[in-house]
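Notes follow once the structure below has been shown.
First chain written, first letter: the chains are A, B and C, and each begins at residue 1.
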Amino acid sequence: MILSLIKILIFPGFLFVFVLALAAEYADRKLYARMQTRIGPPWFQPFADFVKLLSKELIIPELADRTIFRILPLVACAAVAAAFLFIPVYNPESLFSFKGNIVAVIYILTIPTLTYFLAGWYSRSLYSLIGSMRVLTQMFSYEVPLLMAVLAPGILASSWTFSEVIAFYGSKGSLFCINVISFVVAVIAVQGKLEKVPFDIPEAETEIVAGTFTEYTGPLYAYFKLAMNIQTVSAAALLAAVFMPFGYNLGFILGIIIFLLKIFLIIVILAVVRTIFARIRMDQMVMFCWKYLTPLALLQILINIIIKAAAAQ
Amino acid sequence: MENNHPIVEKIRSAYPQVAESIKVQRENRIWMKIDYADFRKFLEFAASDLKTGIFCMLTGLDDKENFSFIYHMADLNGIMLNIETSVPKTNASIATVTDMFPAAELQERELTDLLGVAIEGLPEGQRYPLPDNWPDGEYPLRKDWDESRLEKNPLKEKAEDCNV
Amino acid sequence: MSKKLVIPIGPQHPALKEPASFDVTLQGEKVENILVKLGYNHRGIEKACESKPYLHDLYLIERVCGICSHSHATCFLQAVEEIAGLNIPMRAKYIRSLIGEMERIHSHLLWLGVAAHEIGFDTLLMYTWRDREIIMDLLALLTGNRVNYAVNVLGGVRKDISEEEKGQILKAMDVLEERTKYYAHVTTEEITIKKRLSKVGYLSPEDAVKMGAVGPTGRASKIKRDIRAEDKYAAYGEVDFKVVSDDNCDVYGRALVRVGELMEAYSIIRQLIKKLPDTPLKVPAPLKIPAGEAISRYEAPRGEDVHYVRANGTDKPERVKLRAPTLANVQAVSTMLKKGYLADVTIVIAAIDPCFSCTDRMIIAVDGKSEMTWKQLREHSINWYKKNRGVDFTKVKLGMKE
């Protein structure tokens, strides 16, 4: 009982996620800054920002629904942190393991996006309203390729459970490299999920101020920001577990190191993409997701089915 | 100056009454004055026959009894034709030229705001450039206007009074 | 969606660096109508000019705009000098052109960064603004100031360029040319930039003439007009340069024109430095300017700048009227945005390189009522917080003398 409480609250649970999320934000910001020839923040900056925001005055718009306005950031935080608990960290078993938990994680990771939409909707502000519309439109375009891409490796393993996928690829050497197409698709789609350039359309600063978060201030905004950071980590951990299913049986310390390296690699990729592209327009985003990403993800599924059929014969 | 002659000749032949006022200041700079009655027709003539069809600027001047207006027109080769015309202050009203040159809109609104000249035919729109709460009847570019007038006629304080 | 949304962009908005208001009526994400409201920066400069001597006006005019301060000052001086019949020495003309071109470089680099920021490409913003520092430092070296150079005086310029400074300018030009080639490469090759800029904010050549578009905005719509070539003011008659134009007629074309003009500016500066004649810097100018009138045109970085000056024989002008390039270009914005997307609004507005403080000018802060002293302002804020937030700030000590 106490052990599982420690696991949930401290490691690899909430405290670990919290620290990891702030570290991820720092890595992302520092890399982004260095690539733009800026110096970038010191290591404690994300934490300092968080504390500062917590101490700021909270302003709730007069027309907004006060209860929902307050609850939403916490829901977002809880959802992304809960998603992390289902993803394996240093051993193939995640904290809570059950059949088909890959699908569950993808669905839990959709909840924060819905809270962003609701947050914009209940803020009763023009910019938020447009932002929330964009959140939904964007979700409908990246969610399908993301789902297909993340589930594709599971087809070969005949399972959508983390431990079984990891066990399957672990015994097959470098077979996981076959999923490189869906890995690329998933990374791009995750960029859309995390609302970062080139898909930061829902919070495009120069168009709609801060999109859905325009009316959020102080502690509530801090929670939203934290939720986004944890979402980054959770999504990176998800990609790591599904597409890089190695290094999970090497014991605690080595396992953690490999896990952190994988997360770092994905954050580097996300930061590079953020650096070298401009923000695209909503219609271009929808077009891109349906015209390129979805067929690519389908192609991966097709490849995996053919290989599986060939192996069965 | 040599290269302006074709234009000056054209104006002289078409509008002999303004020949006196034509002044070629230097290369590419022609100044002239015309009665307001003939102005509109001349402007059309300048835009089509003289090819000075680019509207550059509209200057409003407070000339004691009159309001003068200089329409600075340019052509593609760098010639600038400055057409001056004036109306008496007692009847401070001119017709809009936005039907020919949409670019003139803001500058005509400026005349309304700063000199108090009525522009006939200018569609309703936002005032420019004075603030919405500027008092009525104060035209800062008139020569007899100075800041002290705002003490008697201060800026409006209620939003309902403002003419947006 | 049947209900129409009206999104206010401005007077204060992250995309606008200066106050102006654009009310965008939306149908879904598409722009249906746009209402432009200007005048927030009206400072009364034209009226103020009438009450000050020419000598003071020069410095006032320089403050019409922060970016093209040299443009306005030179344009105004050219008109006054024409009325006074002053013959400006060649060296002064060269130096005026030189500073003018450097100002163009710094303005265009600034624009490139701002435009990149509007489409969410912050990396390009950081790069261009870093390189802009080179030219800013150079301007500070030559004139003592990063903006508002005040290098002009009536009848010439106030500061010479030494041999050593010449070398520094040439060296900086080499660096900047290299960097600009890279930016030209980025803007023409990078796919998201192209996607965001092409076919956005289309302005047909006919509309460009009709709405009075000038400068890079007009030149990107096939209008090959450049006052430097038409009017050959200052030293532009003595250098070779080509008028950069483009037939894309969209924001992408405007970006290409500006990048092309950067390259031209480097070549112009090299020629000016090479040919810099050895004459005095200025001629003595009278305080009282004889009666007369003149109009002066100047190709500012943003487009054609026009100044009209009427003198009445005293030391103060009778009337000064100026038209900044933005005033001509801003009217074309609503034409450009027809059937565009909300996402394009800010980049289209930014593409004309708007400078609303140039545009608005006028009205000195005179009204006693709305102007608050520091003390009144503080009292007001203390009362406001007491009433609305229940916090008492009376005891807070200020770090300055009351």
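Here, contacts are C-beta pairs under 8 Å (C-beta built on N, C-alpha and C of every residue); 3 or more make two chains touch, one makes a residue touch a chain.
This is a predicted model, so every value here is computed, not measured.
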Problem - Central chain (distance from its CA mean to the mean of all protein CA atoms) - result: C
Handout entry: Chain at maximum distance from chain C, centres defined as averaged CA atoms
Key = A
Practice task
Please work out the Cα centroid separation of chain A and chain B, and write it as a whole number of Å.
Solution key: 61
Handout entry: chain A and chain C, separation of their C-alpha mean positions in angstrom
Key = 43
Problem - Distance between chain centroids, defined by C-alpha means - chain B, chain C (Å) - result: 24
Exercise for the section: Show which residues of chain A lie in contact with chain C when the two form their complex. Expected result: 35-38, 126-127, 129-130, 197-198, 200-201, 204-209, 275-284
Fill in the blank from the handout: Residue positions on chain B within touch of chain C in the complex are 25-26, 28-29, 31, 53-57, 59-62, 70, 72, 76-78, 80, 82, 101-103, 105-107, 114, 126-131, 140-141, 147, 150-151, 154-155
Completion exercise
Per the touch rule, the chain C residues reaching chain A in their complex are 5-8, 13-15, 26, 29, 116-124, 126-127, 130, 190, 192-193, 195-196, 341-346
Practice task
Enumerate the contact residues on chain C facing chain B in the complex.
Solution key: 35-39, 42, 44, 46-47, 82, 209-212, 225, 227, 229-231, 293-295, 297, 304, 306, 308, 310, 318-319, 321, 323, 327-328, 330-331, 360-364, 366-370
